Every structure is written in structure tokens, then in C-alpha cells.
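Here it is, the structure, as C-alpha cells.
The first chain written gets the first letter, and so on, giving A, B, C and D; residue counts start at 1 in each chain.
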């Protein structure tokens, strides 16, 4: 299956549709059912101690699966998150960017499922693991 | 079991330890193993269309369980979220505050578990459901 | 909304469609968006030490949400579980039946969400918590 | 880190400690933080239509993460499941064995986290995805 959107198209889409958060994220790589997103860590993402907050990691996983779905089906879909399960396994490195490696496990007519591993840049052990379900509206 | 912290003590704690986010939340009610938190919705919490974003709802559930644990065990604990499962069930009402009703289901020596229902203020049907596990460090 | 199936109708349905497991469960009570199911504990449900196994608790939560959905929409639906998140919080009492208190939080056109608390009979503190999503096929 | 238990040692352990379920599972492969388990599908695992039941898939994921932890830390540990999140993504193939590919993502002093993909044998697309947390008692 050819990709419906490449890095440039996904980046433009994010800028246009989610201008509030687009500056937080850099799409690094996209392939069939795979996507890598960088969180450009800034002061507003941090907790005391300089580590990335839980809600910011949730946001990173959420946007990554969303973009990985759009890469496959194109920008028309108004997909919405219906479920997320996230495990916080290690403390993030202080003031480091985070890298989210995402894969799509199912892309159905109605539901899509993806999972992610989140890393502090330069570290081998993942900071968090997340799996998400998106509901894809019938009108596409 | 008497409460270790009341609404005033929890509010002061949140202001001191999490000044970045304290203004987002108002602790409305606390009782044994129960806590109610208001998300004071502002522009930065919204997605296109004026509805509260997923990461903001995650943050609301996360802080609610955290505060409900501290209400029981006091401000010394450096509890950290280890797992969250969240179901997004309905679209939030546009520009309405959100109310999070939280209960503690287990408060063990090492792990605590709580769950939450999140409502748009004035609506009877919940917008989201979340359950969270916190790890409580041994040094307390 | 009137119930589409009462305790007797749900019990007959379970006997007919899931004869392999129907003897494990007793439907105790049904109301709008609420259902109580008993697990009739037998040797095959137990782990060493005489406590109910994790897969058995999963099965109890799963069947409870399924039956609570059918109580609302009737026996025609071929609903399938798409997600379950379960927290095991305490050790079950040895050789006691388990009681599952289930509520439906959302009953949409495509997805239904319910959650459960599981108790060892006679104990006040829940043994486990579960939330499940069911997909409801369009053909109903 | 050298493995504490190989396939033969894990198989003996399962036979001795969980004789009720040991015949259901075959440990196929073990490596550092990796384990593959086969579910030997029998009539008792099936739902109408000949597909593996949800509780059976839960049991397969649960035992796989458990054995993958023991492979690292040895047979002394009385690890207990504290959380499982599972996504059922596709219908299993009728009457086929299932293969569970498991990896350990974190092996801490107190908590271990693993995730799994479950396949019907011979199929490329996963039937289910699961992530589990185990609590490791301090006495080890």
C-alpha cells in the first residue's frame, strides 16, 4: 500500500489543523505503518526536575498514532481517539528531546490500533509505552 | 481513616509544587477515598471547535488521582504514575469547564489505584473514563 | 429506556449461545445500564492456593459487560470485545464466589463502554477493576 | 545479562507450579527479554465458530510475560499481574494454534512491564496486542 501522505504533507497538515501544538512536534520519518515523531522539548513540557510531564508524553503518543493513520488513509479523515493505555516505565532524561517510534497494528474500516515506544533522545531503554485506538468516522 | 489533607492543604500543595499547572485546577471536594476536581477551561486547553483536548483530560484525571492519594497519605509522598488507561466516550461540550469525580480503589504500601469519570459541567453523561496506577516510593 | 432482556431472558441466551461457559455464571440482577453477575467458583477456576485465576476474572468482567449491553439492545447483536483494561488489586478470598458489579457508561451506535468492580463474596474491598469496549456490528 | 532459565527449565517450572494449565502452552523460544509461547488450541479454548476465546488469549499473554520475567530473574519470584491492557484486533483463524511473541520492556526492582503480539499460526497480521505489569515481591 502506497503512503497517502509523506513527511512534508503530514507536517503541512499538522501546521494547518493543529497550529496550537504543531511547533511541539517534528515528524522525522514515515513508512508503511511506521512513523517517528520528535517532541521538541520546551519549558512548558517539563515538571520540577526538568523531566517531561505525563500529559506531554500522552500528547506525543496520541499525535504519533494519529499521523501514522493519516499517512495511510490521507488527510480527509476526522479520526478521534477512543482509548489509550500508557505505561510510564522510567524517568525521562532531563531537558532531552523525546523520540516516539509508532507502528500501526490494525487499520480497519471503523477502528485503527497503534502502539508506541517513547525514548529520551540518546537513551536505549524506553521511557514509556502506549497503545491507542482511533475511531474512523464512516463519512470518509 | 482521617484525611491527611483537606481542600485548603491540597490547594496550597498544588500551588507550591506544581505552579505551572495549579491555575488550571480547582479542588472542589474531598472525602475518604473521594475527590472532585474542576478543570478551569481556558483557550490553551482547547482543540479546534472549542472542545477540551485529550492531553488536557489525561492531565485532569492524573492530577485528580494524585491529589486523592495525597489526601489520604499526606504531602510527603513522591508518588509517580505508572499506568493510565483512558476511554474517550463523548465529545466534550464546547467551552464548558470539566468536572472530574475520582475514587481511590486501592491504597497499598507500594501501589495505589484510582479511577475517574470526567464530565462537561452540567451534562449527565460522562465524557471520559480513566483508571490510573501510582507507585509509592518506599522512603515515605 | 426499557430493558430489552431481563434476568430470565439473559440466562436463556447465555445457555443457548455459550453452553461451554454458561454454568460458570449466574446473573443476579439487571437494571438500566447495570448488571450483577456471580462467578460460581469451581476447581477449574482456581490457582494454587485456592484463589480465582486472572483469566477467570477477565472472563467474568467480559461476560458481564456483554450481558449488560444485551440487556439494553436485545439478543440480536453480535458484539465483540475490542479492548479490556484490568487492574488486579487484591488477592481473592480462597474458594469464595466472585461478584461482578457492572455498569454501562456509553452505548453508542458503533461502540459501547462498560466498567466493573469484582469482589470476593462477602468482602468490602474490590479484588479487581476492569473496563471494556465492545464493537457493535452495523447489521443489527 | 545471562538468562536465569532456558526453555527446558521454564517448561519444568510450568509443569510443577501450574499443572492445571501447563498442557495448554509450549515454550518455543527464549532470549534476553524475549519469549515465544504456543497455545496448543483444544476444544476448551474455543468459542462458537471455532475461534479462540478472549479469556484464553488473555491467559496466553499473561503466562508469556510471566515466563519472560522468570527467564531473567529465575524461579524464585512470586510475581503477580497487577494490570493488563489488551486489544482484540482481528478474529483468530478457526482451529489454528496461536503464537505469542513477548518482550520485556522494563524489569525493575518492584515492577516489570512486558508486551505481546498474538498471532494465529501462519497469519502475518496480529490477532491481539497486550501489555502487562507484574509486581515483584520484595522478598526475592
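The definition used in the following text is that a contact is a pair of C-beta atoms (placed from the backbone, for glycine too) under 8 Å apart; a residue touches a chain by one contact, two chains touch by 3 or more.
Computed from a predicted model, the values in this text were never measured in an experiment.
Common neighbours of chain A and chain B under the contact rule above are C, D. The most distant chain from chain D is B, comparing centres defined as mean Cα coordinates. For the pairs B-C and C-D, the count of C-beta pairs in contact is higher at C-D. Our note on geometry: chain B versus chain C, Cα centroid distance of 28 Å, whole angstroms. Averaged C-alpha coordinates put the centre of chain A at 33 Å from the centre of chain C. With centres taken as mean Cα positions, chain D sits 24 Å from chain C. Residues of chain B in contact with at least two other chains: 82-83, 85, 87, 89, 133.
Residues 17-18, 20, 44, 46-48, 53-56, 58-59, 62, 80-89 of chain C are the ones touching chain D in the complex. If you check the complex, the residues on chain B that touch chain D are 82-83, 85, 110-111, 133, 135. Residue ranges of chain C in contact with chain B, taken from their complex: 85, 87, 89-90, 105-106, 108, 113, 115, 117, 125-126, 129, 131, 133.
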